[in-house]
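Below are two complexes that have chain A in common, paired first with chain B and then with chain C.
Moving on to the complex of A and B:
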């Protein structure tokens, strides 16, 4: 009895301790920095804590988070069901362009937004048919999704607008809650783009689906032990199609939010998406496939990026490239050294219904 | 309440093999029925038909007299048939309750949420009703195998099963858990459930079942009352008399000791000793046979000799040298050939063609691969020679291994291993699931090698085979050699008694201690179905 208790306690400890440690260290160092900044306002720590507590930092972290976090949520749905969707980057690109294009021809920002979501979902559907229906390798198909979008979006822009960059359209603007928006720091939460609020809803919604609904359990079972789900009488194929389509919808919302926030799609080089889809993968891995965890990791990465921008303005230059690789360094450390992220057992494997 | 199961004339054919041949089975309601047979006898196939995983080629399934057509397990579940597979169908990171209710979750709020308290209550009620001890909130990955099995049983009961099929339920259990399982089965039948359990262990069938049906080579060879039979009778039914193969045994000059095993103890995957202090030696030109009911330590012994498993104690010598912890490669290089019992798992790479498969084990042979480069034209010549010499059909080196029938796959493996110029051949069930023509062919080749002075260790559960080919025959029971006999001077009945654990002279079964009393199983070879024969 006591043995069982102890081993359970140990496994709980193992399951949570390292992640808790990372979170604890992060919080402790931020608190230490803020204290140091408070005590010595003129030191580097002072400047840093000023930047950290600035409302602008939070506002820009939130804005940077939107496309990444949406894509990360989408990635969670797909991968938890057993389909690794590394084409998130491509879904973001295609929806970012389509949203601007549809907004441009219809004149409606939200119609454009819907257009972006539809485009991304269609591309995700293609990915689903190829990987689930025709059992193609998920990684290769996912790379294809990225490369198709990377080529197609700037090309379409070139054909339609004679430039890889589209003209500017109306933006989604922002929603401001009176009074609350004037709060220091947290005020940024109450004066933000509608897509920020949609993201909050999506994070909660995703969490709810996984934790509370039967469908969420089926997705988990489909990625962990598809045979168990199949013998329980639920079609693994249907669940996986649904999960991949949801990932298309969510990534589409992220891409549309990204371009409509600026009112323009820029298609030069890696396009305006510029690796956000890959950071999204890192974010959900770091967040251990938990929607809330993925959102917090996104905020951490985006926060670093925002901080860097703010510091740049204050004359403390940290190379942007260095900040941009942080998520990847972090994920390698987390996966290799800490190793607490547990991939779904059957992720990446095809499921054969006939036995 | 309970369903009586009737299977009428079930035949199930797979390409090239008949897994079930006109099998009739009648199971009385509220009883435990054991389906006994060797691996590959067709037990699991038959139950997969009852569970809707396979549609029978011919024959009908009736429940309570009503003919049923099951197109999927879903149909079988709806008709009240549940199956607990050997490999549990559980989602490890989910809780017991989540696993049991998967696919049938109680809902609330118009289906928008799982009613978790209702689900938990249902599981607690169910567990109470049948006296199961399970924690509904524990994660499956944190509970023992025995508990996981109870979760599987609860899953079937939650779906309203009246008939439960258990496939080799004791294979993964400790002795204590086996006792608990049998208590559970008793409780279930007391409450009107009908149980069919698949096993190849005589003792368990006798202990837990009311009635026992024995399958052999896809046919039912008898149904007996558990109280009115003996282990000896069952062993005879199981192993049986097969097509008499006229093996010209002949005599051969025996040479020096090629291999010797002294006092080895080998643990199985669960850490329980499967081989318990076995010693023997084999001379050149001699076939040393090991007979016994499957799962008495044969697999582990063979794995220890061939270098796939390290013995815990004891010593294995080969050509005078201690090879107890030598690698596979060293043993191959020293002249040890191995025909594994599971050709698809260990003998071949199914997606490779025969050229590539012919190279396996010889990838360091300077003849075929010098300086790290494979000489493909020589390798192809090597494969062609095996195909030609061992009559592998179709004679096409470019054919992928999975496209061959089981018999031809086996002939190719035998050819590859015998062509190594071995000093010792370890042949584990070399003719399992192989057609009669190929059986004779393989037997002839084995005897040819013996004539050439090669030492042969032959493990088989086919009595005819080991008796016909061996010069000396050891009978293994629960990891120990019960006796080593001269096969020509021993009758089948005497061997049957030995295989059931009756020691010569003492007139009774060895009084094994509690921990030793469980029969062993073979983790590597649990799948008793015709899958192995499908091309």
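Moving on to the complex of A and C:
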């Protein structure tokens, strides 16, 4: 028993130290880069640190992190309750398309946003019925959700608009806080799309739910020790249904924000979502199921993505196609370093109430 | 005699017992998906616009798409209209068999990993890597030989190159899973994106065919491609390739059921702890299984290059993802993969016929693919449905037919 405790403690230590290591190396290299840039403004380091400290980079990092972070928050809710939702990508796709479609027929951007959320929630409800009600394998059902959305969104777009890409609609625009928006670098925080502020609220809200409310404790218990929750008189099934539906709502907000930010849905190949749902899964694993942690690791991925866009504009000699795959390579590196994160005890398992 | 043999017998009894049920579930999933697809076609037909003359009427309502026509084209069209009397091997049936051949390999790739308890979502990427390697390798080698000798030498060589590179790419998630505990579902999906990106970079740059506007490699000479026997050359189908596919089915069946390696794989998939206790090296099995699985995906890529395109072009169709459906539909059984690949080959080839005959978008088959996976994943649903039907347990005749397509099934009697 003490052996088990010790090995648990050791792996805990190892886990945290790898995370700390990754975070430390990231911060150290950023600082080194900034220093080098300060000393040699004309070198590559100078260009890089210019890009890093530009408020455009922060602005686009925030914009790029919106869909990923929303999906990651959704993933946390589902997985903490014991349902691994690998279909986040599909939820993003279906909401991105539905948001544009509803916005197009009603003319209202925010009605479109709501439409996207509803579509994603419906698909999540289907996923919940299949996995919780009919005990389907969660991974396979999640894949099915992804593949259904991957087919359905371009199919619908082709039927309605005769092209996998929709026409453009009005975008959500941006909210600017006077004075604060003029700050260097951090000004980007105060002149952003409404979805960025909604994301901040959602990150805080999720954190609050998990740390401060009974519902948050139920979700944790449903994933860690469903029997105890059952004994305490709370229905595991209901908690799991609620958690999966919340994941649908959150992912739907991410998808709707993604397409309405551009005012268009593009459905060629992997669609405009292009793996963001899967990056979200890695983001919350790396963030150790903590909403704030998930947001910060999303910013790491999105920051890299933003940086590559800035570098492309400045004509740094790395081919565009290769720069584009950096987030995916980083995801693999992160997974290789962090390894298995401790899943909730009962994640992936079906729970039968004993009556 | 040994414990291993006894365990194998017990396991095969278990598999046999559920085989009937599994076939029933797969069939029901397919039928249900097609029905939902029909509803989807009707709904889509309400949402699009057409003239009154083009519309069909059901229940007093007009629809722009007719699901009966859609599914008639989808299934009969894919078989080259066998009922019309003008059937020829050069028609759509050849396209169906071509799709089937490719799906056999991607399906086997996914199935092998599944049997080890691993989700290889990366068959698509492994196929891209194998296809690119084959296109470049065979192009280089084709300057050394020519004529009939060239065909005899280059085709096995191309398959080997595709298999080796696909296998190496499959080994990456295997190593990551075995030694870094990285979840293979995520790593294989990421590796798909990376394979596509790197291939696009290479083919739009260094290896681009200077005479083509598309992002593709220099086309292979005619003798470096699969010969079209019996079937017309226009459909890009070769019986030789299909024979390779059937051989692969038999081979994988034999490896899984009659070798020590196959035993390791199956026990790792069913009972990982017991397998480890029984002396199976779990890490080695994971890496070996994903490498072999990647090799099968790579061979699918080689087939695509040497049979269908004759060059590598970016934007390889999603045979890898379809392989997931094929494998799940087949209950991850190599023999079942043959039947499921044919079924899904019909769906894929029929989609192009549907596109010609109607305005229904070809993405329909993508939706069907997802629905089939969803339904096969929820056997509980069909058990619930079946509880009301007393005749649900009757033996379907499909059980025996998949054995007939296998060339090496003679080996299984020597127990």
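Heads up, the rule we're going with is that the second predicted complex is superposed on the first by the 312 of 355 C-alpha atoms of A that agree within 3 Å, B and C clash if a C-alpha of one lies under 4 Å from a C-alpha of the other, contacts with A are read in each partner's own complex, and residues count from 1 in each chain.
In this section, a residue touches a chain if its C-beta (ideal position, glycine included) is under 8 Å from a C-beta of that chain, and two chains touch if they have at least 3 such contacts.
Keep in mind that what you see is a predicted model, and the values were worked out from it rather than measured.
Between chain B and chain C, more residues of chain A are touched by C. Within the superposed three-chain model, A:227 lies in touch with chain B and out of touch with chain C [touch as defined at top]. In the superposition on chain A, A:218 contacts chain B only, with no contact to chain C.
Contacts of A:158 after superposition on the shared chain: chain C is touched, whereas chain B is not.
Using the contact criterion defined above for the overlaid structures, shared-chain residue A:345 touches chain B, although it does not reach chain C.
After overlaying the two complexes on the shared chain, residue contacts for A:238 are found with neither chain B nor chain C. Under the contact criterion defined above, no residue of chain A touches both chain B in one complex and chain C in the other. Residues 48, 53, 73-74, 77, 89-94, 98-99, 102-105, 107, 111-114, 138, 142, 155 of chain B touch chain A in their complex. By the touch rule above, chain A contacts chain B in their complex via residues 7-8, 11, 212-214, 217-218, 220-221, 224-225, 227-229, 231-234, 342, 345, 355.
Within the complex formed with chain A, the residues of chain C that make contact are 40, 44, 47-48, 119, 121, 176, 180-183, 185-187, 189-191, 193-194, 197-198, 200-201, 204-205, 315, 321, 324-325, 328, 361, 363-371, 373-374, 376-378, 380-381, 384. Across the interface of their complex, chain C is touched by residues 86, 130, 134-137, 139-141, 143-152, 154-156, 158-160, 164, 269-270, 274-275, 278, 281-282, 285, 319, 321-322, 324-325, 328-329, 331-332, 335-337, 339-340 of chain A.
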